[in-house]
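Given below, in the form of structure tokens, are the structures.
Okay, so subunit A shows up in both of these, paired with subunit B first and subunit C after.
And then the complex of A and B:
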């Protein structure tokens, strides 16, 4: 019941964001220079930012970009983790050792600094869309090791399962074994990993954005909008400055509740 | 992963709260002490080795000098020297010292101390940046024929005697003390790295006010080392600090609301904010991009497309003045009032681009070879006004078909690209001009200089107009006549306005907040700002020492 409510809220937020982007007479980059830091008006329902850009439109775009990017990055990282975890579980011991060493080495690296370094290697002329794609790809590239460890443990348990041995004895090819036995049994493990990754990547993008290394201007992102909170003068001028952080926390709580629910079922 | 998520959630949620409830605690104030902040630790207290602003401020507050450049009139005024005389050829300067002066430790101050201090500044081993202003420091000789007379023999005339001797602190002969024994209004009493510099009143300071009261009025100064604007403003509003000397435009309205009588907008500063394109032939850029940036029409069109009034109004909340040249109108002595420049006009910009071989196709501008005009503007991260300007310029240039990406970089990475790799297309930065005299800007305009940003360290000037700038800047630096110097500087201003190697955007206004409890503060737009007459400033003791400002928040 609780999960359904959370899902309904999330769907409602996504639908509202999409509708806001479709109906608004401005795009997220349009600067209404006569209405910088405007309060709530009929023209700008949640006011504008310091450059006169409509806050509703920018928050809606950031929400959709953040969710879509994080979901895509989570899908990629879960796929990479599944591949590496399964490969390690079914490889000779020396290959397993190498794969797990690489995974552990990745885990022990300073995650945020690596993200910053990788993100800063982008060419200066990368368009805002390219920076957004690159940001989430970088997150996907660095997010797999913890997940791969979990998959490896699950796949190792499956490898020695009686029905796997029986399938093997019955002459099933490795491809058939994977399709019929491995994937269905790993799914309960992969889904929570995917759901955990989505909010983590949203927050990671927000952190990178707050450091000026996230999605490029003028494309909106959570990180860039949260930067406004670092200025008490702005906070005093409009309470709508808090809108992005409020929505971000709501989205993260919803995603967290999904994860908890799936883990409980698992 | 789960714990990472939870901690991230927590940090995201707390972000807003942290900004509004930043912990604020200044060191306890001693009776009669004035307090404000500097943003980083002074690199040295040795007055002969100063090469950055924090150390320069400490030298200004502690060092006794022969002449002080009056920051309002820009004329030299005698200080430790009762009088001075420059020979008609400009090769001899004779200083007559005041009688009976003492250092802060009670020892007598004589011409021997002055001669020793000057020798130390001029010695190559000291590496004092001031020595270079004597043009040939090794050939300068100093002698002291009697206890109150000092003669400085120069191989040739130097420009700006007042400014040069304003930067030479007189120390006790053979006893350099790093500011502990001084002849200025204060001495260094205590320094805690990363926390504060405490200065104590010099009991033997030579100056007295009209009523005969010995200066300075303040018993001491505490310069807190704090690089956090939020905290600085909060502590100022609580009365812990007496002034904020470079108030950010973001916070002007906030402080004005809480303490209206304490804020002042002094108008345009001498500083400039500018955009420039990388014109260096050695830059690792495609040849067609170099050709754009070296094309005068391209640069002028960009300048014409930028709405400077919007930049001033929005990025600076109205606390900036649109800029069209490198000398601010606030610099009345040197500003070219007859400057002619290409006015803002999108239509003219389009015409200029067309005449320069560019053409529009749809919303995209292309060069004659069919390359779409796309480039990035690098700027430093963490400067809100600059990043807002960059976003506005991005939109302004989109109107004439240029696709611009904005790249904020941390300062070391930015400097690496600008100074060493020259790996950038355009840059948006500011120049801080601490002095009105254009000689102080020589390193930016001489084509051989590494700070000639659009094309650094040229072996020979790349263009005729750069050669002309070199000639005129050298001429103004060597001429003793103000009119001749002004003519040269006017010409350089006009060349820069015509060629647009720097596209000037705004002159940020000088914004300051001064506690209403301070008396004797005189507004000033040049360095060191409101404390330039520090010996005459005092706190009004008729009010609560630790109380908040009128109307301010406790």
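And then the complex of A and C:
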């Protein structure tokens, strides 16, 4: 029930964001030089930023980019984790040891530093879209090890399950064993992992963006929009400057509630 | 009796702890061989080793399991998969845990069929209809097969597993204590079913059990597994001449003198074709 309500709110937010982008006479990059740092007006309902860009449009775009990017990154991370975890569980001991060492090594890396490094290796001439893709790919690449451990543990238990042995005794091929015996049992493990990753990646992107290492300007992102909050001149003029952070918190709350729901059912 | 269908010479251990020291026996076409042993004698290890599945249990098997003159233990994994389920099939000990609770019975059969057959659904449906009838499961519609393992009884689950083992008409059926999880009535029905398969279809049966009574009921020959080796092997009809202490202690543990039991089961021992349930079951169903 609660879950359905959360889902409805999220769908509503996505739909209105898409609608706002479609109906607004500006795109996220167009600057209204006469109305920089405007408060709420008839032309700009939620005001503008310091370059005169419409806040409604930018928040709507940030919402969609953030969600889509984080969901894609979470999907990639979960897939990598599932692959590595299952491979490790079904490999000979030496291969398992190598795979798990690699994932442990990944876990013990100073990942924030590496994220910054990986992100700053991008050339300055990279287009905003490229920076967005790169940011989320980097997040995906660093997100999998913890999840891979969980998958490995789950798959190891499944490996010696009686029905698995029975499957071998029936002469099932490895891909059949995966389809019939592994996937149905790993799904309840992978779905929460995916759902946990989405808000984590949204926050990670926002943090990177606030460091200036997220999605590149002029493309809007949570991180870039939160940066406005240290502009005291802007803060004094309009409360609408808090809109991005309020929406971010609402989105995160909704995503967390999904995770809680799935975990209760698992 | 014809030439051996399967020749077994096995050693097995779990990381240095030796469980099967030297197990040697042959299984002939169409025969029913009972393998009896106390708990911990290595029965389940023997089953896993026979099928080349011991590594999945963290164990190691060496020696040979010759089927059609080819060693199942040393052949490439791909070839071994073609033999398991096709030439030699397993009826496991605990029917409930041997079925995957997350998927329907139908999916189990679909995958088991596709493992060895490229013919489509129609051929499987025809085969399934026959099999379900043979193992006395509902055949009238698809609703039974759409169920998941949690929605059927243990006895039905064991019948499903027997049907799955028979799917590709194997020449060897290995039954690992197939009745130990079942009530007495269902036990008798399953034993009747296995006997029917052995007598009527000529499927060679390796019946592994700690229950000597069911072995006397079902098998032509009996081997006693003790301390990781075959202690004694004899015709069931001549079991009274057994000498080995392990066999004698099994015989002493019987509730009745073995002669009485043999006489009771004698129609079977005389070799008559008996394709029906044991007599004691009938009144309970009428």
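Assume the second predicted complex is superposed on the first by the 266 of 266 C-alpha atoms of A that agree within 3 Å, B and C clash if a C-alpha of one lies under 4 Å from a C-alpha of the other, contacts with A are read in each partner's own complex, and residues count from 1 in each chain.
Simple rule for what comes next: contacts are C-beta pairs under 8 Å (C-beta built on N, C-alpha and C of every residue); 3 or more make two chains touch, one makes a residue touch a chain.
Since this is a predicted model, take the numbers as computed values, not measurements.
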Go through the superposed model and pick first if A:52 touches only subunit B, second if only subunit C, both, or neither.
-> first
Using the superposition on chain A described above, determine whether A:207 touches subunit B (first), subunit C (second), both, or neither.
-> first
Answer with first, second, both or neither: which of subunit B and subunit C does A:196 touch in the superposed model?
-> first
The subunit A residues in contact with subunit B across the complex are 29, 31, 33, 36, 50-52, 120, 124-128, 146-147, 196-197, 199-200, 203-204, 206-207, 210-212, 216-218, 226, 229-237, 242, 245, 248-249, 252-253, 256, 259
Which residues, counting only subunit C, touch subunit A once they are in their complex?
-> 48, 51, 53, 56-58, 81-86, 89-90, 92, 94, 97-103, 107-108, 111-112, 114-116, 161, 164-165
Sites on subunit B touched by subunit A in the complex | 1-2, 4-5, 8-9, 11-13, 15-16, 19-20, 230, 233-234, 250-251, 253-254, 257, 307, 310, 313-314, 374-376, 378, 381-382, 384, 387-388, 390-392, 394-395, 403, 405-410, 413, 424-425
Of all residues in subunit A, those that touch subunit C in their complex | 159-173, 176, 179-181, 184-185
